[in-house]
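Common to both upcoming complexes is subunit A, partnered first by subunit B, then by subunit C.
Entry: the complex of A and B
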């Protein structure tokens, strides 16, 4: 591209296509003819029919665009990053979280803080886990880094609150044990991709 | 011959007493102002459906009680009168709009006539007529009253010391003065055919079914009257007086509360009046003999009312200069030619 073309700030003026609107009427007779033609062309009735069709489709065809928000909600993308959820293992109901601390490490706004201990089975468990949603920027790194798909982004996006700092505890985000059968597998940020099986290499057991 | 027919109908009816007229007047006031409120609801709903929205939904079933909520709001809102306004004129201007709209309805046949059953104390056996005041110049009176109604927006706009109001008042003058001419001239041709200014005579003239409707004899007059009626009632293709995008709210800019509400009751009552006139003069009117006949005119009026909302959803509005061009250079010559042709056909 030459410098001249760069310097031309009137971008697009050269390529405009003029719409064919016909010639403007010159004499009074031409003006009169144009008025008569437009009067009997019926364009106004086309407009009426368009709105009537829209009304019939909205009323009887289910083409109403209004969502009555607090009562109805639009479906959100699985990749939407809203308030976090803590998932359980489907079979045993145990926490998926293994207390590895990767989410706390990777969190760029330092809003996750956790503490772990060994339980009676010498299994590591989370003793303290809070997310400060006043600081959280919902970047999704925690969900992406989690090796167990334990912390994920759920569908709760209505998070207006009275205070800036809004702490959420581990139990608040955890799937309730009686709602375990309703727990949705997370297919959003950091989830296993649908073709993961093809991509993984079979572990050679020969040796 | 038509006058004898009308006299025949009038003499057939029971005696109209002043108490019957009073009851009728109260009925018109109550029902039409309620209908005007309901009209705002219908307008919001129809416009919403045509734009694929739902409209008012939350107050009552399907938002039906929205009218009540709006009424409470209008009645309890503070009545603000601007400091530099001409206070007296500012205060009476909305009353002029509402009052002329209801006075016009006095000469229009609305709702069937009935006799109050005799077991009701005091008012028993009172005959309530279908027209509060059966003038023999009904059409002239109604059109005159609607024309007098233009003093409402005119005075309101000029008294409120607001530039949007002044523009609104100026537009009132040009729009209503232009369209009064077309209204009068367009309805003159049907009047010549019927030979009377009474609504009852118009109704009797078209009594023989759909084939005798005036619209088949005077289609041009019908279209002209409809266009002029849209301008008279300040409806969308010609809603220059208070077009928000151009003049904020025009003549109603400084108004609030019930004074603002009175303008709109007047506007909706005028819409009903224009619908009634169009239905009686051009679409056969009512059949006084049966209640089915009254149902048909209700349907006709409802159709014209719906047409006004439909047009509002579909068409953009015109500029003031386009409006005057349309009125003086197109519609008025057409109306005059229509009268001439009607006169020639009648003489031949």
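Entry: the complex of A and C
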């Protein structure tokens, strides 16, 4: 894409179209005339009629646009970055997080920290995980860098509470095991691109 | 002698068209590394022998493809690092290394500092052309500290190489793993070296060399350090931290007198506890090798310390009435300087049983030889020596640096070695084919030095009484021996068919008696050798040997006739072409010996600094006033290499320091490290501020840490030496004050990755005869200890450790290291 159009900052040279707004009044008398003309022309009622129509439509025509927040909420874009979710593997219910520490490393506000250990099954286990939401700037790097799509940004944007700490532990962010069937795949930062298959080279396997 | 650095002959080589200087006879790879040029190499370790496992260091030298780790530089050699064929080979090799290598870098401990990752990216491996079915390989633990994941192992054999060539344990080796056979088609289609490397890789895996699942080694962990991938890790560290999260703090290993370079690697303890904790120790493994205490004894910090004003005031009072301050070698030069200043101003005694004997020995040596310190160091020995003699040191336990040097000389310099020690050891003879072990009687250390004089001295220079004394051991006898001789006898035999007489020759064996003169060297026999065979053995050992060195250990300092021994050492230096290195007994014994005027005994009200006393200053957290441990303070330490090395604080300390006491008692500068430049210059220290001390290695391995102590030389006459009293040997049950390999003091014992117990160590047979527990009765007390069998020990002498100061083992042994004791079963 050419960036030329953005580089031209000289506004006057572009193709603007001037609207026909008439000539501005010149004298005090002309101004007075304009006010009287506009006041009594009845345009006010045209506007009120439009409002009236919309109100009737909303009340009786079932075309209401008002969202009854907090009882109703607007759907948000999958790319919206709100409080993080920690996802589980759908098949086994295990954590997706493998404790690689990349989110901790990439975090530009240094708000993620984690403890890992060698567990009984000889695997790396995340024993503690926390995000300091007082510092988090919701940049989305953690979700983008996560190789397992384990940490993602969820839709929970209401952060008002007595303590921010209430969101910050692993268990708080983790999909509850009984709601595993409701776990949504994430399409935002770091998600697999639709054409991912075209972009990878396959490794030969001797099986 | 070695203080005058031998100038190696430098030659000129061209690498990629640019001229560089290189040492003659050096490998191309080392020459390149010394000149800051990168040649890819995975399996080669600078101070060990080339393994030729990875073959990635392939370069073109004078038009021929050679392995840079294995080909020596020649004058005018032109080396090209990358040619199209070599790049093809390298790419194929890296692709092969990546075949079936697990892709879970995310959970690998090595991720971020992994050489496989690095080289894969460096060579731009973005696709894979080879494949083979994988074999299941189970993760195992080799010892209390070693964790091996064969699935990650690329069988570069660095671990086995360092264990054999440097450490000397040879505890691990490559074994067959029963991998699938390579597809025959690859032989044609693949680059040659890549195929050969893959063929070997596919067949092997690393395992303990004794055939069991356990290594039974000294647990130094050097194999962990050199592992390029995540296959080898410390059991304690596995999956606890990523490499990049850890902050490196350059320091000096505090326990043995090696003064090895280490990094404390720290990060916050956990999410809830943000105080920093040491997670592991790493080192510059191409230049320095650590022992088990250096690598695993790191978490000995004093965590409970607070600024307790009452205790501080009590300490001030205690100092005011103290008659003795008792301390040990675990102290920085700065603190030793403070104690010495206090002694001068307040007039109490300084008592240090760990260092006193060493200091006296050094003084005797200085008087006899004119040298203020020994003449070589372990690094120099490894670089050039090809004949080493060790006297009076339990190599496996006392000084890891000397053990590594002794072993490295055998392996790398085609060397030979003589090992004199009363305690039999099965490991030392495995260092090399030309290692002779003399298990002599306790008290015969002087004879060992006389034997050295006999074998190596320029006889012209020896004083006549010494010469006579040595000759008095030699006898020549005439012996009659019977030899079998084959004789050919000719006979005339009647041929029955033809009836003619024919001459037939027959071979007949006949026994002939012969008289020969056998010269026996009584010294050899007295030292437990066999004089009949020694002459031949020694002749074999001496073949092509040019550079001789001798290592002296703690036994000699505690010897009843230490003065005479020091003189003998001086005589050896004066008359033989032998460099000498002495091991300071522990930690900073050398620094203490140089800085403090130590007294012979303690008396009256005693302040113990990490030792027993009426008032205890302790970095262990159990004393009357807390002090910072060695990983919590800045300061300098002196090591076996005669260097003054800076060490830094790794973890937080919140209590009082010795310097705070100094401020109240006699006045002191603001910080402990302000004392660094006040260290006594007349003892070899330099007036350099702590912050100006360098702390690095050059690319060619030159040690630039801190500075080297100035050594004075005074011309002296040959010392008067008395004869050895051959009958003054210890008989009966003998106890030897000697710690297990990774224990040095209370601090190593406090560390959670050190498991060696405070117990009586004995050879397997002796341990069996002693039962489970014994009371060791000395003249002036007794101690009850569990009995542990040490498979590598032989003979009847038992080892009693001294690493727990509270047990007062030094007081039991008094001024010697060997004592006749009564062992009573409990």
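Quick note on the criterion: the second predicted complex is superposed on the first by the 142 of 207 C-alpha atoms of A that agree within 3 Å, B and C clash if a C-alpha of one lies under 4 Å from a C-alpha of the other, contacts with A are read in each partner's own complex, and residues count from 1 in each chain.
Here is the rule we go by: a contact is a pair of C-beta atoms (placed from the backbone, for glycine too) under 8 Å apart; a residue touches a chain by one contact, two chains touch by 3 or more.
Note that the structure is a prediction, hence the values are computed from the model and not measured.
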Figure out whether A:113 sits in contact with subunit B (first) or subunit C (second), or with both, or with neither. second
Is A:130 touching anything from subunit B or subunit C once the two structures are fitted on A? First, second, both or neither. second
For the overlaid complexes, name the partner, subunit B or subunit C, with more touching residues on subunit A. C
Can A:122 be said to touch subunit B (first), subunit C (second), both, or neither? second
Look at A:48 in the shared chain and tell me whether it touches subunit B only, subunit C only, both, or neither; answer first, second, both or neither. first
When the two structures are overlaid on chain A, which partner does A:99 contact: first (subunit B), second (subunit C), both, or neither? second
May I ask you to decide whether A:147 touches subunit B, subunit C, both, or neither, giving the answer as first, second, both or neither? second
Note which residues of subunit A are touching subunit B in the complex, please. 35, 44, 47-48, 50-52, 54-55, 57-59, 63-66, 68
Which stretch or stretches of subunit A touch subunit C in the complex? 98-102, 104-105, 113-118, 122-125, 128-130, 147-148, 201, 203-207
Contacting residues of subunit C [partner subunit A, same complex]: 104-107, 111, 126-133, 139, 180, 238-242, 244-245, 268, 270-272
Which bits of subunit B are touching subunit A when the two form their complex? 46, 49-54, 57, 310-311, 313-315, 330
